[in-house]
Amino acid sequence: MSDPTLSFDEAMEQFDPVLGFEVHVELNTKTKMFSSAPNAFGDDPNTNVNEVDLGLPGVLPVVNKAAVESSIKIGLALNCEIAESCRFARKNYFYPDTPKNFQTSQYDEPIAHDGWIDIELEDGEVFRVEIERAHMEEDAGKLTHMGGATGRIQGAEYSLVDYNRAGVPLVEIVTKPIVGAGRRAPELARAYVSAIREIVKNLGVSDARMERGNVRCDANVSLMPKGATKFGIRSETKNVNSLRSVEHAVRHEIQRHAAVLAGGGTVTQETRHWHEDTRTTTAGRPKSDADDYRYFPEPDLVPVVATREWVESIRAQLPEPPAERRKRLKAAWGYSDPEFRDVVNAGVVDAIEETISAGATPAAARKWWMGEIVGRAKVADVEPAELGVTPEAIVELNGLVEGGKLNNKMAAQVLDGVIAGEGTPTQVMEARGLVLVSDDGALLEAIDSALAAQPEVAEKIRGGKVQAVGAIVGGVMKATRGQADAGRVRELILEKLGVNA
Amino acid sequence: MAEITRDDVAHLAQLARIEMSAHELDRMAGELAHIVDAVKSVSEVAAPDVPATSHPIALSNVFREDVVGHVLTPDQALSGAPDADDHRFKVPAILDEE
Amino acid sequence: MNELITSTANELAEKLSAKEVSSEEVTQAHLDRISEVDEQVHAFLHVNTEEALAVAREVDSIRAAGGDDAAALHPLAGVPIAIKDLIVTVGQPTTAGSRMLEGWMSPYDATVIKKIRAAKLPMLGKTNLDEFAMGSSTEHSAFGPTRNPWDLERIPGGSGGGSAAAVAAFEAPLALGTDTGGSIRQPGAVTGTVGVKPTYGAVSRYGAIAMASSLDQIGPVSRSVLDAALLQELVGGHDPFDSTSLTDSFDTLVSAARNGSVEGLRIGVVKELGGEGFQPGVEARFRDALEMLRGAGAEVVEVSCPNFRYALGAYYLIMPSEVSSNLAKFDGVRYGLRVLPKEGPLTIERVMGATRAAGFGEEAKRRIILGTYALSAGYYDAYYGSAQKVRTLIQRDFDAAFAKADVLISPTAPTTAFRLGEKLDDPLAMYLNDVATIPANLAGVPGLSLPGGLADEDGLPVGIQLLAPAREDARLYKVGAALESLLEAQWGGPLLSKAPVLGAAKTGEVN
């Protein structure tokens, strides 16, 4: 059953939204945060575990230095201060995916704090989001609920636990409350998570694949009456794990809160679960005494002291920040402002860069991604990069067109074949029998028929109305089922009629 | 005498996931109050200017290089499991969410 | 009694390397002794007969073959050892004295066990303890109490009563213990054996089932100071699997124990560790020891550690807090006991609750609840936070005391062994046994307990505790060895030669 909502416009007339995000980033270190077992995705259950990850009696954690350095990199990229000294703490709660029944995390001494990041929305408006902290912790195992109808917790008879993910290093990035986004709050939410994803990917510290849970977002939303300064009661929507979902979840929560408040009610402080299928949230656990996590300093680990020299040597290794990179790429590719913004907004900067480095010109790369692939992604309701078209495939396809083997219309069919998994562009072209007819003999036959069918048009052309040639070209293309090189057809027609183009 | 009620103990037992009978709760409340009285003197000397010591011997920056080490086989991992299925640990339904 | 079982580990090592005796003979003699007396003493929870004999035969064959392999053998190779059942071992069950882990087999070895295997000491078995090392009497073992070889109606101390009793009853020449608040030293005191808690971090904790991580330390249990030094040098050293492991080297312990001396040393008597609550016979033996040290050229000075009066309070906040978290992992999901609730819905939350209710004993539950309380919202600052500050104050007291004295001295325990059951229903009285041993754990400094004689009123062993600054474990062995030889000269042999005869005597009575 879905909660009542106000329309977004109505909500925005009465209320100002306040947002907050907790984004968990899984680091791509070779080993886990506190054990030397592999940090790998997709392997058979309980194969990437040792005694530490299972929390067997007697085990002790040892901190992965690379994970600490990755965390410092994230802190620096978010313009945070890096703590001179910080500690790990135990967060105590019982849950079967948590092998020790406490999570080794950081509490009052995060490794990075007090930063900011500028978020550019689609039209170029910039919001500054302040970062409260970024801290190190470990991921939990994976529960699979069995026996229920839906695969969800509710109705499940039992659950199976795989601890491969237990102990994977995480950095949790927490924002300060974000006020003033107004009706752009849902967009900002998406853009913020997108920016974090871009930053950690660019740093090389995470694979940043949201579909694999490398970047996971908890979104806090509250509303206050327009003009008020006291924050309302917030809800925390857990595990919103795609960019579009983040935007939709924030929008939904704004509308839901607005309906509650406009009806004179009070928002319940609780966690909410996001449902991608209905684009709604449902109530989770209310905040209560059960959230007494009894944090205390982890006695099995010693403080991390980030000396100035260490931090500066890490800072010196940082790659170019994404915003600066964008400036550089725009200049290098020679795109106009609107062209480049469209590329950014479509989320295909990386894809175009990869396509160019695979051998395409900037113009060709843009033509294929923006002209063909982005539209198909929209129809399929996925991110463009998720369609599975590789840069190499685009370069190959583009070469087929430029080499005169395909026309644009045929190339689009080949692209569909590539997306459908039928093989490389050449394989698709051959398998589908898409061959551009450029044999003049075959074309002349078709041209003769077309001219004979439309003698009055032929006359017009002879009389100097060259633009009328389109009708004859169309006839030829129809006769060849589109597999003719339209340019060559035009030349031959004009030649035949003795007209200079 | 420290004020520790049966409800307090019930709450603590819930946090600690230990099922306790009413009788146990009552007895534990009494014992706990007694012990807390005996130890609470620590707050008398814990002046604000005294730093806390969490490790007896101060160390810092003890790290491990990011090099893959040993893993257990799934059979070893599951060797002590009270219940397992399909190389995973099997647990009864989790109903305290949703 | 068979000389093979009354010899010290060092004597056995010498006989083995001289091929006067085989490791198989030595190991078999101890296994025979276990069969003979352990029904009475109940020091062992598991006896590792086959593996111990296999290791013994391996050592014997290496020695017989001679050459580089024989020359490379560790000096203690072939000397059997008992392991406190808190330390995980492949191939032998590890229970921590709890129903929670009954029958559990670890798939990995503790670091100290790896070292013992590498040095080829036959492991005789796993010794009894208070559940998860929580107690001062070994009565909190889920598998029944261990009895004191000096008087089977009395406690052997705790939590490592099994290791101490095994060594005192000549069932093993050496044993490993763990000491969180006195669990090696206090059993040593009440059984007339030697026990050392090394500097925190001197011996790896990896594979010792954690009770209170910032206090726990593995250490040696033996019948002589030299044996303890031999064992600490073997199991100690830096371990990359333990982040709190020290990188300092502790390789002068044996030489310190072989060169005992107190000449010119300042020995500080801690004013606060004596007086009220200390049994007269304990204080009398303690004063005798001081006289003896003076006579040997030591300067005995009085030092004051005023914050030690808060040590017990700080300990009983920090320890249970860490316990409440360390013992959370025992939930019936991954290993150990699982108990289903008798009625109502079968949810994991309720299964955990039922499992922990059935799997933990009274004392474990008491400490978990106390620790949960001390860490919970609104109480942290007053309890856990304050206790951590007291820890700083106690360290400062030690610093000041060690500015005036090279080592500190006190009775190890306020009383001799009390009767089984005597303090079982009074947790606070039980906790007071550790009043003299706890400060060392809070500050991380090393402590050694050695036999100081028998109390006049009950004829039971008294322990003398020596404390040294952190990392100065060698100093304990040097002073301990000196005091030991002074005392044994006075007694005309080891204190344990005065212990009542077990097993054989019983047989004799029956006959």
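The chains carry the letters A, B and C, assigned in the order they are written, with residues numbered from 1 in each.
What we mean here is this: contacts are C-beta pairs under 8 Å (C-beta built on N, C-alpha and C of every residue); 3 or more make two chains touch, one makes a residue touch a chain.
If you want to know which protein each chain is, UniProt gives these names: B = Aspartyl/glutamyl-tRNA(Asn/Gln) amidotransferase subunit C.
Source: prediction; values computed, not measured.
Taking each chain's centre as the mean of its CA atoms, C is the chain most distant from chain A.
Taking the mean of each chain's C-alpha atoms, the chain closest to the overall C-alpha centroid is B.
In this structure, the chain pairs A-B and B-C differ in their number of contacting C-beta pairs, and the larger number is found at B-C. Chain A and chain C have CA centres that are 57 Å apart.
Chain A and chain B have centres, each the mean of its CA atoms, that are 39 Å apart. Separating the CA-averaged centres of chain B and chain C is a span of 24 Å. Within chain C, contacts with two or more other chains are made by residues 104, 107-108, 214, 240, 243-244, 324, 328, 331, 333-335, 348-349, 352, 372, 376. Along chain A, residues 50-51, 54, 56, 62-63, 94, 96, 101, 159, 161, 292, 294, 299, 301-302 each make contact with two or more other chains. Shared interface positions of chain B, i.e. residues touching 2 or more other chains, are given as 15, 17, 54-55, 59, 62, 64, 72, 77, 80, 89, 91-96.
For chain C in complex with chain B, the touching residues are 104-105, 107-108, 199-201, 214-215, 240, 243-244, 246, 307, 309-310, 312-314, 316-317, 324, 328, 331-338, 340-341, 345-354, 356-357, 360, 365-366, 368-370, 372-373, 376, 382-383, 385-393, 395, 427-428, 441-445, 470.
Those residues of chain C that touch chain A in the complex are listed here as 87-88, 94, 96, 101, 104, 106-108, 110, 205-210, 212-214, 240-244, 321-322, 324-325, 328-331, 333-335, 348-349, 352, 372, 375-377, 380, 384. Residues of chain B touching chain A in their complex: 11, 15, 17, 54-55, 58-74, 77-78, 80, 85-98. Residue ranges of chain A in contact with chain C, taken from their complex: 50-51, 54-63, 90, 92, 94, 96, 99-102, 159, 161, 292, 294-296, 299-302. Those residues of chain A whose C-beta lies close enough to touch chain B in the complex are 29-31, 35-38, 44-51, 54, 56, 62-68, 85, 87, 94, 96, 101, 143-145, 147, 152-154, 156-163, 273, 282, 284-285, 289-290, 292, 294, 297, 299, 301-305.
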